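Listed next: structures, encoded as structure tokens.
Each of the next two complexes has subunit A plus one more chain, namely subunit B in the first and subunit C in the second.
Here is the complex of A and B:
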């Protein structure tokens, strides 16, 4: 009977053993009022900087970087305050509260390396000779700007003290903070799905100055954004459809498939339209996930480069070449005029293609000599896909790369903006 | 359809481990000094069919209008087992297990989706009683089975054309059965089963009638 008992225990473990579902729902409902409200341009500029964390350092580290970003909806501009912390890839997303007489921001915080999240609320104040008063927008000599507030866990009302004290301006050295899969991975439990239009709109608030997106073709030749080669529950909601993405037409995908957070799979054109119309992103890396002709992607790239120029946007849209197959597709193009590319292969291939951007894998190391040689030839060098905090810090402090592609753009932003030249 | 290397490695290690389990069981038997010879052994083939009910949340597109879903299916199974001279039996099982279907209209056009699977499983089974009781005792006629292996999942979409999608998933199965002897080589069995495909989050509960045939014994 012992064997039966063991078998029963094993079977029960198999059947009832739970597979933990991880969730990190955003506990804050953004009002997102258009305009800056009380946060005028001069106030926003004054607020940006590196701050010491005087209360709450045990949870978020000893310093943070504050940066304002905005998104566009037609004629409306909506401003958000992002705070990037070094500890556990923590970040804050906040908005100016219109329901307060003073300068108040509220929102949520999140740690990307786990599911910790919560509400946060700050008042903007100044400290002078030990006296604290609400910031009115005008600083006098000797004033130190501070964000004085509280935070809580999950949806509990904030009740723990969090104080940030201004230390110095943000590092203004030019640098590209490139967010993987349009902003971040679905597996990191962000509020929007990877490679979605909503993620593109969110990317700046996650610290990104540019994005990498994954391009595939549907069966009827429509370039879409989708990372994996198959429909699967990692990326889409359950609907019974499985198999290669390329087996489905765009109409079939558009009508039946929703990404994990409910968004449609966007076309490449929709994605680039969103970048131009709704964001301030200045770099788009079109990762080539397909095998085959590149002419349709090239045509779209050129169309939206023109649109960006007409909209007076400083926007680079480049085709990434991650494999020899992609290089062959590029070489097969009838014309390579006005087709910026980024080569992920070695320096010899990069030179032979005359690619202006070289992007080696980060695990190959700093490659100091090669990087310097490529930069001396007026090429830009990015490194991908770097998520390890100690290496992000090291690569930024060594300062040889021109940008980092990461799933943790908030962490790259933290190390970049807090770096002291 | 290829499994990823990691999954393949894990499945292979698991398979090797299960072979060891059978070997350990036999090694213990060999210490029994009251018997000088091993056996009898038998190869037993079970074939069955029945009704299945899809037991997980159905994923239906939000745009589906006038939708009709069907969780019921008619699964068919064939299992080949080696009955050694100890309680733990080992074998292979495969078959066809319908998961679910839905139909309706999407954007004014008819849409139909059907999902089914072909499990290929390494199966262990054991009667609740072995040397105790009589041939007629209930415990010797009741048995438990569990299996693990691959589920080859198929889906068919009929919407402005037809797409047959395929993927492979690791999965498992548990079952319990009652077996009624008919004659020396044939038995009838009723089996309750739970099929579970992990990667596609599909699971079905099934009730099957089976014909159990002792094909070889030595």
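Here is the complex of A and C:
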């Protein structure tokens, strides 16, 4: 029987010890020079659009969408080029290279449904009657803009051909592309942690026009961003602290806890300050993860709403009501003036609260009649949290929603921008 | 009964073990060829398996069997404000087992399976998606101990380690990341 025991222990060790660790480190170091460099406004505008993939379609699909975004740091503006592909939720993040005497962008690509990543580099060129030349910024009739480049896997220098040929402008129909947990889940192996300030800054480069963030209170009543009920190694680095974030003061969390990629747990105020000061995001969904009074979150919402107005920013900050407890907290507020809300419960509750936004779960289906009825009452309707690629395509092409909340904002961006009205 | 523990990669901080009723039937077609059927159900989702198995003794202690099972699963969830979804699929499990008599009353069976997805369809409201992957979705390794229990009946206790990209019991979580996750399963049964 001893042999049986040893055998079983050995087998269990074999079974439980074989769990694979998944990683997708970003292989490119961004220089992030402030300003646009050679990529003037007119060049950036000319480059945005839907492109056919003529080399590399087997890896990234037959078409992609190119869009420039920028982040702000004080008086400095830094521009990034994002490319959204339909295959495997692939995307590219690129920057203009100041070390080249022509229009060159370089960066990395990643597939969000797996760990595939690599380096990429493009030259911006034009093609006319079969002749290819560097793009100078001025298009002549008959010119077709092309991005001619190479890509590689992981840190290997790019050596495989990737060519994009301009086809048409991006779909300009208004649509909100909302990134879950400020940009994506930590489990999606992005370079920054979910619900962090760095993730908020990254969100537009992932295609987002808005973000959803999770709000909880610390023991001393500071609203912070954190998703889970408890401190755990899924979200934070090992530090010996256990239990709910509500059991610790903000000072304790700030001193001892780091998110999985090394960032501090941000306060709600820091997060909204980052949205206004550093990004062009136009929508923030404050998901109510706490149970209890809502007045502190309301005060912060109103403070940053005013800041956005003063900064002439088109920014909506709304409080999400995902449960009857959250609805009760909202109803208990002394004043509901200037407090935009989003209701995740049914249409009757949404109407009774006079919420301007209704947000049902995507697993309820397209609910076309209900969506149209709510929109006819001048309400906005979003659906959450939709990640399944084929359903994203169907919800955009056949659904009536005004936006989608997703962990794959890159894929929502791809299907939205490439959609032909 | 089968108890499956949720993988943290998709259920995050929530770790639960989900029980399923598991009924197995086996009938000999000849001395060495058997037809097997299996029903697993959690009421809102179920799985029916049919398969063939060829088994032979190697010596006094060892037995060997090879087989192929085809499994159809179906799930439907309708919950106010949460689900109006259903899904079904077909999975193929080619398998091989080795049985070893440890003592006069105690037997150990080790079974290896490949998990090959043949078909998947999911519907939410009026929208549906369909995949016909025909690819190896993962593997499973099962260890089962069997011993006499009472009145010529036997009791079995086993552990099944599933490494798979998709597990039918978790279809409603719509996991999208392409990776093999670990689904530990505890098996407990009576052979009647």
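By definition in this document, the second predicted complex is superposed on the first by the 405 of 421 C-alpha atoms of A that agree within 3 Å, B and C clash if a C-alpha of one lies under 4 Å from a C-alpha of the other, contacts with A are read in each partner's own complex, and residues count from 1 in each chain.
Here is the rule we go by: a residue touches a chain if its C-beta (ideal position, glycine included) is under 8 Å from a C-beta of that chain, and two chains touch if they have at least 3 such contacts.
Just so we're clear, the structure is a prediction, and the values are computed from it rather than from any experiment.
Judged by the touch definition given at the top, the superposed model places A:113 against subunit C, while subunit B stays out of reach.
Looking at the shared chain after the overlay, A:244 reaches subunit B, while subunit C stays out of its contact range. In the superposition on chain A, A:173 makes contact with neither subunit B nor subunit C.
Applying the stated contact rule after C-alpha superposition, one finds that A:232 touches each of subunit B and subunit C. Of the two partner chains placed by superposition, A:154 touches none, neither subunit B nor subunit C. Using the contact criterion defined above for the overlaid structures, shared-chain residue A:352 touches neither subunit B nor subunit C, since it reaches no partner. In the superposition on chain A, contact is made by A:394 with subunit C only, not with subunit B.
When subunit A is checked against subunit B and against subunit C, the one touching more of its residues turns out to be C. Overlaid on A, the two complexes show subunit B and subunit C touching the same residues of subunit A, namely 4, 7-8, 11, 15, 230, 232.
Put simply, subunit A touches subunit B in their complex at residues 3-4, 7-8, 10-11, 14-15, 219, 230-233, 237-244, 247-249, 251-252, 255-258, 262. Subunit A contributes residues 1, 4, 7-8, 11-12, 15-16, 18-20, 22, 88-89, 113-115, 187-188, 227-230, 232, 234, 344-346, 360-368, 387-391, 394-395, 398-399, 408 to its touches with subunit C in the complex.
Against subunit A, in their complex, subunit C makes its touches with residues 8-9, 12-13, 77, 80-85, 102-103, 106, 108, 122, 124-127, 129, 141, 143, 159, 161, 163, 172, 174, 176-180, 182, 184. Across the complex, subunit B meets subunit A through its residues 57-63, 87-88, 100, 102, 106-107, 111, 113-115, 126, 128, 144, 146, 153-155, 157, 159-161, 163-167, 172, 174, 194, 199-201.
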